[in-house]
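So, here's a batch of structures to check.
The same subunit A turns up in both complexes below, where it pairs with subunit B and then with subunit C.
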Partner chain A sequence: MKKRFSSHLVGCPYYVWAAIFIVVPVLMVLYYSLTDANGAFTLDNLKNLVGFSDTLVLSIWLGAIATVICLIISYPMAYILSRSGANTQRTLLLLVMLPMWINLLLRTYSWMTILEDTGLINTLLGKLGIGPIHMINTSGAVVLGMVYNFMPYMIMPLYSIMTKIDKTTIEAAQDLGASGLQVLGKVIFPLSVPGIASGITMVFVPSVSTFYISQKLGGTGYTLIGDVIDNQFTNNARNMGATLSLVLMVLILLCMAVMNQFTAEDDEGAILV
Partner chain B sequence: MKRLLCILLCAGLLAMLPMTAAADGAEATPYESNYTKEFEGTTLNVYNWGEYIDESIFEDFEDLTGIRVNYSTYETNESMYTKLVAGGASYDIIIPSDYMVARLINEDRLEKLDWSRIPNKQFTDPTLDTTTYDPTNEYSIPFTWGFVGVVYNSKYVTDPVTGFADLWNGNYAGKILTMNNSRDVFAIALSRLGMDYNTEDPAHWQAALDLLRQQKPLLQGYVTDEIYNKMESGEAWIAPCYVGDYLAMVENNPDLRFVYPAEGSNTFIDAVCIPKSSKNKAAAEVFINFLCEPEIALRNINEIWYFTPNTVTAEMEDYFLTCEVADESLLQLLEDKTPQTKGQIFHALSPATQKNLEELWLTLKRSSVGWYVYAVLGGALVLALLLSVIRRIKKKKAEALYESDYGRSA
Partner chain C sequence: MTEKNIIDLKNIVVEYDGEQVLKGIDLSIKDGEFVTLLGPSGCGKTTTLRIVGGFVEPDSGDVFFDGKRINGLQPYKRQVSTIFQRYALFPHLNVYENIAFGLRVNKVPEKELQQRVRDAVELVGLRGFEKRKIDTLSGGQQQRVAIARSIVTRPKVLLLDEPLAALDLKLRKDMQVELKSIQQSLGITFLFVTHDQEEALSMSDTVVVMDKGVIQQIGTPQDIYNEPVNAFVADFIGESNIVDGVMLKDNLVRFAGQSIACVDKGFGKNEPVDVVIRPEDIDVVRPDESPLHGLVDSVTFKGVHYEAIVDVDGFKWMIQTTDVVRAGEEIGILLNPDDIHVMKKSEYSGKFGDYSTFSEEMDLLSDPNYQEDAEESVAAEAEE
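== the complex of A and B ==
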């Protein structure tokens, strides 16, 4: 009994923190989304959501593409990482994490100067006599920005789950005559599902809600839900902005619920978010 | 002999030193003596447009008065307004544009200025009409004025440019920028339609939106201060632009040209005000007086390259317009007072029109997607559901099988 009390006491700072910075803000978002500018109750904001369906779908679409690309690139990378020697692992991990030390805004801004028609790549191509290739302000540029910025979030959970795969299980499969492909399909892949699930969540969630990347790399054609929320708040339409934030929250919770299905069986690989 | 000459020259130079120092001192004393340390130790929160002041003046102000300046910036009048209304942060000095000053006055969000603390008001150009936004001249004092035109890169834009219509030229698709705030963007469309910037008729605003929608696929982006990079590097070729921004940009890229739009354009005044939330009003008034010191105004204006409303500054020989601007057409424009006669001024819109404009602006900025995206995403969702159901059934079957096996063997 005493132990339980003291363990609650230890948790106190976090409970206070969570109450002030998580629970209260969520309640405020809820309040603003159900009121108008004068504070009167209204459901108009929810009705107006219909007009934002394109934005929402576009965000999910680009976010999903970015997530799939991240997964395809990260999976072999994480596997190689987990099977290499301790020193190589340390170096490679550092290289994966290195870009994260630079601010996201800076990284994205640099991509802008790299991809521009008068940017780094096109200047180099121009010197080689190859005509300028239009890259900036396309959906591809936005996806590239997402993949580049959020890739480490995919590699890390995959890597951590793969280091836990016991080498002997793979050896056992090989002993029983499984080919390389079978080992991958029947042993490694099923064992890494929780890592895949948490990686997908950790890339998809920030991709869907991003706003800076699409503004800088997408021009005027790819205004995502994050941009729209930003626009609402800077143009004195707080209540609609709150409603959209709420939708985004629900979307993220849904996504996490789906992904939890894959991790529920295995406590160890539970989602880190 | 040579040595003697040398010594004599040196002595002569030395003798002149105190004289020049004295002359400097005599020049510097007047304005600096106007300031006391009455509000020493207090802080002023100054909220201004980005790249719109010479930030080194804050140090001078602190040296003179002991008042520390806490400086932050905004990108548009609208975002400043939102921040101000939302509360939370309190600002002592803001520098909005004319129509925003009017809106803030209408909504009773500004303090009346105590002119006894701002004797430098005498330097403000009396011919500048400030009554359109501050009818009684009690709430604000002009900081700069300017107008909007079209800037283009003569290296790439070879057709003759006459005005805003060229921002719809399909030859420059993907190379056209526009501004990132509702009033300016809609004013461009209203100019083309020959309509009043302050129209209260929703049909006019709708017509402007339709015109802007035609332009959107041609645009590279909605920008504020990024215009500098994009126009200077040649990444963008043509854009609507505040005259001061053009003057700053042409320094770095001499290929840039400025045109006063044939359709007419917006002439604006940005003015210094004190919001009601200010907790240090008296010190803020001292700061406003400081901004109106001709020497300080000169430093600001030569940094940001907008036109000064300060009559003394305008006569100074270091004023950028007199000594550095070589663009004859621009000087001619100012001589002819074209911006004053052909320009339109923004007024505060009625709350209903204002709200309508905000909605139209947000509608304009939204993106649309093709039906196939819906189809693919919908398909993926159905597939995921199916897979999950199949998985469950399989699992149940396996469990049943296991149980029956187990039961048999036991």
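== the complex of A and C ==
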């Protein structure tokens, strides 16, 4: 009993912090989304959501594509990483983490200069007599930006869960007659599901809600939900912005709830919580 | 057991970082035999097992299975199965699916699969546990799952790497009996690793004693115990007094200042030798009944017998006897010719089989006042 009380006490600053920076803002979002500019109660904001459904669908669609691409690239990479020698692991991990230490804006700007019609790639192609190929301001460029920026968040949880798979478990599977592919399908994959779930959440959530990447790499053609929210707030349409944020929040919570089904069993994989 | 060899290791050498951990292992295992690798930690037992399982490739030497060379053959293509020291069960599958794993990857038809899994579950006594998750099982139950998972695939050879090391003594004894009976009822070859000599002696048809990547001796448990080839084997298997001696001629050896009849022959004239006398083979008699004398240093009561450390000609012997002996007493020591075992000198000579340090340690450890005295004197000093 005593111990419980003291552990509550230790947690106190965090509860206060959580209240100020999480609970209060959420309540404020809720308040603004249910009121009009004069502070009177209204459901108009919710009704107006219909006009944004295309943007929402596009955001989910591009976010989903980026997540799937990240998973496809990261899974083998994380596997190779987890099976290589200690020194190789350290070097490769550093290379994976390195871009994360550079500001997101800078990284996105660099991609602009690479992809532009007069950019790095097209200049090179031009020297070879090919092109130019139009790349900037396409949905592909937006997805590329998402994949590039959020890939480490997929690799890390996958890598971390794969290093936890006991080597003798894999040997046991081989020993019982499982070929390389069978070991992958029947042992490594099922055991890495919690890592996959974490990775999906950690890539999908920021991809869906991004606004900078789509503005810089998608131009005006690919306005995502994040851009719209950004717009609403900068144009003083606070209440509609709050409503859109609320929708995004619900979407993200839903996604996390689904993914936590896979991580809940094995708390080691639940890196995001 | 048949006369056909199922596994032959020929001059196997394994190096890690320039260090040879197996230095030319030659070992033949007969179909249906229960062979135990016995040796101290780090002697290369697991490595030898992994050579057979296909998880380690020898730097030189050949591995034969049923007469065919199988170097380089992938583990999943070998008709051997391993029971790993930490079981290595699949945490994401229940008991039934763990056992069924080997059959599923080999595409055994569902009907046959069910029957075989049921039989295996029955054999290891796990009926009713099929739906349980692995992490809800006790160590002994997990062990049984590991055994069932291996034997259900009907391997020709089962490799067991210290399978009982993690179990408590009682369970361990039960599982020893159970494993042995499984081996006999299925008639498959067992290659078993342990560093428990009692386990090795009681379960095996053949014991292989290893040290530092070299096989010291291969033989039946009786051979290994009664006719150890060198001081290492003699000391590793049971308790032994190992004393310096000189072989005067066939059937006569001189040690502890006496010439004593023995049954060993074939040594050079006056060849220096190691003489092994097992503590339980020594008869304690009155001093005037034998030319060989000793002064009792200490006695420990062991239940069935007394264990005495006795100074014989400046060398400490261990003697186990049911006669009452007292510290400080002069006793006569009587040895029958077949109680004496003579061995050639080896690199291990002089390193084992002397109980002088043993007796001191035992004195200190078995004296309950020893620790307390030390603490008291410290406490007394602190008070002053």
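Couple of notes before you dig in:
Definition applied: the second predicted complex is superposed on the first by the 271 of 273 C-alpha atoms of A that agree within 3 Å, B and C clash if a C-alpha of one lies under 4 Å from a C-alpha of the other, contacts with A are read in each partner's own complex, and residues count from 1 in each chain.
Here is the rule we go by: contacts are C-beta pairs under 8 Å (C-beta built on N, C-alpha and C of every residue); 3 or more make two chains touch, one makes a residue touch a chain.
Being a predicted model, the structure only gives us computed values, none of them experimental.
Shared-chain residue A:Asp54: touches subunit B; no touch with subunit C. Legend: residue contacts after superposition of the two complexes on their common chain; A:Tyr222 is shown touching subunit B, with no touch to subunit C. Legend: residue contacts after superposition of the two complexes on their common chain; A:Tyr79 is shown touching neither subunit B nor subunit C. Legend: residue contacts after superposition of the two complexes on their common chain; A:Leu176 is shown touching subunit C, with no touch to subunit B. By the touch criterion defined above, A:Asp166 lies against subunit C but remains apart from subunit B after alignment on the C-alpha atoms of chain A. In the superposition on chain A, A:Arg238 makes contact with subunit B only, while subunit C stays out of contact range. In the superposition on chain A, A:Leu191 makes contact with subunit C only, while subunit B stays out of contact range.
More subunit A residues lie in contact with B than with the other chain of the pair subunit B and subunit C. Of all residues in subunit B, those touching subunit A in their complex are 76, 78-79, 81-82, 85-86, 174, 182, 216-217, 219-222, 233-235, 358-359, 361-363, 365-369, 373-374, 376-377, 380, 384, 388.
Those residues of subunit A lying in contact with subunit C across their complex are 166, 168-169, 171-179, 182, 186-187, 190-191. Remark: subunit A residues 51-52, 54-55, 57-58, 60-61, 64, 116-119, 134, 137, 215, 219-224, 227-228, 231-238, 258, 261 touch subunit B in the complex.
Across the interface of their complex, subunit A is touched by residues 53, 55, 74-76, 80-82, 84, 86, 88-92, 101-102, 104-106, 149-150, 153 of subunit C.
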